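Order as written gives the chain letters A, B and C; numbering starts at 1 within each chain.
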Amino acid sequence: MKVSLMVTCLGDALFPEVGVATVRLLRRLGVEVDFPAAQTCCGQPHFNSGYHHDARELAKHTIQAFANKQLVVSPSGSCAAMVKLEYPELLHDDMVWHGRAEDLARRTHELSDFLVNVLKKEDVGARLEGKATYHMACHLRGLGLQREPETLLQNVRGLQLAPLERYDECCGFGGSFSVRYPGISGAMVQDKAALIEKTGADVVVATDAGCLMNIGGCLRRRGSKVKFMHLAEVLNST
Amino acid sequence: MNYAKHEHHDFAGASAQALTDPPLQAALARLTDILMAGNRRSYAALADSSALRDHAKRIKEHALAHLDRYLEELEQTVTKRGGKVHWAATAEDARQIVVNIARQAGCKKAVKSKSMTSEEIHLNPALEKAGVEVTETDFGEFIIQIAGERPSHLVAPAVHHTRESIARVMSHHLQESLPDDARSLAMTGRRVLREKFYQADLGITGANFVVAQTGTIVLVTNEGNGRLTTTCPRVHVAIAGIEKVIPRFSDLPVFLKLLARGATGQTLSVYTTIITGARQPGEMDGPEEFHLVLLDNGRSKILGSPFRESLQCIRCGACLNACPVYRRIGGHAYGGVYSGPIGSILTPLYDSVSLNPDLPHASSLCGACQAACPVKINIPHMLIGLRQMQHRYKPARLEDLAYAAWKEVLRRPWLYRLSLRFAKVFLRLFAQDGWLRRLPGPGSGWTQVRDFPAPAKRTFRDRWKELNS
Amino acid sequence: MTTREAFLQRVRQAVVEGNRLTAAPPMPERGRTGYQGAGADPVPRFCQELRNAGGVAHEAKSSEHARAIVRELVSTKSARKLLLSRGGIVERLELPRLLRDMGSEVLIADALPASTKDAFFQADLGISNVAYLVAETGTVVVATSAITPPSPLGKGVEGEGRRVGADPRSISLLPPVHIAVAQRNQILPDLFDLFDLFSPIGAKPQFPPSCLTLITGPSKTGDIELKLVTGVHGPGEVHVVICD
């Protein structure tokens, strides 16, 4: 099987090791991976801020970048949700692009979705010693991926999973929200960090760069010993 | 400004104040924890709850798509049962109608069962001006009324109060020193309000649902004040937004099964009062007159807009309880009558989009509201829709330009790569171990409680080549 | 144009405009969606749900047992003034006579003079019949006028078409304690079953009573720090005596 990697803009610029881990993991599982170089950003920031015209152009750009008919895998629920849930609606009235948007939406999978529901692998043969806790990214709720990441984590050898209170409550990132309302967003991420510390875990695992930069940045500022990892990095550990 | 007393447009100030109010923070955490746990537990326990929620949504969609027809049917059925329908295009009309009913029937003492619609039209001052004493009888609303405040939650209006502050407010009002335990405060409330029910000649309620087919209104309460309000006084006035109309009597249980489960996790609220007309011949109690005031007040405008879905709301409060933003700032911060995620949609639409520029942005778009909503209203989408509308109303020039420029960069992979390189070189100058402790300008808020990651030394793009060698 | 016409005209126009943006769906058919039922025997489910809601269920093995339960409740509550339903099981169990013999002041609710307000407000305890019970939710259904269950959906007290229920609103509302007496065969499994009684398939729906009340446990408020307090407005105690 051959797939295209949608690394996402945050993944490209801030957390390249997540993309690297995703590629290595997929290759270890026998999946061929390519990286369409024209990809930039899915346009979610524009869409969420109500700049639908701009978002439409970026959607078309992304659709073109992934026009190769392969399945698309992204280590981000947020960007996958943008493509799967918003593109078709955003381009609904466009005779030419609506069909292409639906086609890409069908082909696109968030990483845990791809592993569990397409490759049918709940155990990817990973090993990582330590105690982890899992924060659910909000867009996984929208995508209906409530159990996939945890299933994968449960099957990592050596890894003890500590339940996180309010694990599916938003960490407070929300893109422009965190900049516009830093007070509210800050209160949310402080609570999240405190709950993570309370689990006694060595590492918090999440599936989105947005959550990781927000939670990770807060844990750092608190001088916390808890590290953060993307699901791909955990699953790529052997 | 006292945000608890007055409606306002100062979201930033009010939310900042709320964040530094420890008793409020404790109250909000308690409320959202308890009610959300109930919401989840009860949806999970209800067989095919998701399908039932879809069904409820479709009933609402259908009702709204044929609302003109159902309103006319409703008028016929109410009239057939001896009631009278009044048409209120605006809040002012609605106030005038209720005042006139009170005058004509010679009513001097009104008791009210909790109704957000009556809050919306600011009914109480108008009645008092007309010489009618009004008493709120929902215990939480009673506290709010004697404290001179506004409700801070759709179904738990006094959630911002503590046991101690309730004792203080009630002691002051009754001029007696009351102990601050919940039971004795509630029992004092019972005693005081029972007297009001005994004396009242006018009962004013909202309506959770209105059934076109039978001219029925439904009141859902846990305390029983809705029942008392429609049992003791000789005149009953119900005020309902036109969006509350559902087609058939047999559609009611669909919503009843969801309302309490969504709101509090109860299988059913304690009292569901299903009223069809006034007291019938031979009956021993109940009002002699029944009036139904149907309120538009901006709803028809929404009905014809892309925001129609917001009219499906059944006012259960589940989205407030689920919302991590509401949990941090409470209801008064939102400024309008309706708060939380649904309030962030309704207040701009009912009040003014341009006067409420902050509300559509007061959300991380996490979607917890939609997941909790009994009729699965796509609240995040409507918030985004309002953000889109704002650009038309009041173009924020600088922001528009920034997003447009950013888009132009993102459409050109070479330019994107170049910008990334510049950003990397620049930001890494200020970084320690790859993190920034302080950001300038709009980013300064972010770095108040957290570090910001600097771009990596080598982007994924750079590393892709080596992955293939 | 009248206010009414102008009002409706605005709604008509909004309906047309909005329907252009989103499809106007036909009325959906419910089928069995959301029907919970109550298993083979609805009694235990009813009792469990009532307990969850804070009420007390009493299963009486015989009429004598039912009378003993009521007598016991009235005496432990030291209730002096009692408000009772007319007819129905209340009368079949001869509760008025029984309670008068105990020395209580018994008022039959619908036999009171026009100035009943004081009697209603002063009663210590109300004993009512029920129109139905709903097992799914542990709910007592009381009605201000008789409900005539349509055939064949109806499950009246004694066979089809039998009119059931008719109680003033106050009995189950004003006194601090409410005792409802019911028969097993008045239990409906699901909330849907109750509402379906009013809209028999293919027939014109009948108007419901002027007031149909669903009571699920004692009156509650959570307005003080979410601590549940019972009896804030309605009865603080709800007992349901189920006779065979």
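Basically, a residue touches a chain if its C-beta (ideal position, glycine included) is under 8 Å from a C-beta of that chain, and two chains touch if they have at least 3 such contacts.
Quantities reported herein were computed from a predicted structural model and do not represent experimental measurements.
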{"item": "Pairwise touch network: line, ring, star, complete, or other", "value": "line"}
{"item": "Label of the chain whose CA centroid is most distant from the centroid of chain C", "value": "A"}
{"item": "Centre-to-centre distance between chain C and chain A (centres being mean Cα positions), rounded to whole Å", "value": "51"}
{"item": "Separation of chain B from chain C, taking each centre as the mean of its C-alpha atoms, in whole Å", "value": "29"}
{"item": "Euclidean distance of C-alpha centroids - chain A vs chain B, Å", "value": "32"}
{"item": "Interfacial residue positions of chain B with respect to chain A in the complex", "value": "15-16, 19, 324-325, 328-329, 360-368, 371, 384-391, 399-400, 403-404, 406-407, 409-411, 413, 416, 420, 423-424, 435, 437, 442-446, 448-453, 455-456, 458-464, 467"}
{"item": "Of chain A, residues touching chain B in the complex", "value": "7, 9, 11-17, 19-20, 23-24, 35, 37-41, 43, 45-52, 54, 57-58, 61, 138-139, 141-142, 168-170, 172-190, 213-214, 216-218, 220-221"}
{"item": "In the complex with chain C, residue positions of chain B that touch it", "value": "27, 30-31, 34, 46-49, 51-52, 55, 58-59, 61-62, 64-68, 71-72, 77, 80-81, 87, 89, 93, 137-140, 143, 156-159, 161-163, 166, 182-183, 185-187, 189-190, 193-194, 198, 213-216, 222-225, 227-228, 230-232, 242, 247-250, 252-254, 256-257, 264, 266-280, 282-286, 294, 296, 300-306, 308-309"}
{"item": "In the complex with chain B, residue positions of chain C that touch it", "value": "3-4, 6-8, 10-19, 21-28, 30, 33-34, 36, 49, 52-53, 109-110, 112, 116-117, 120-121, 136-139, 144-145, 168-170, 173-174, 191-192, 194-196, 198-199, 205, 207-227, 229, 231-235"}
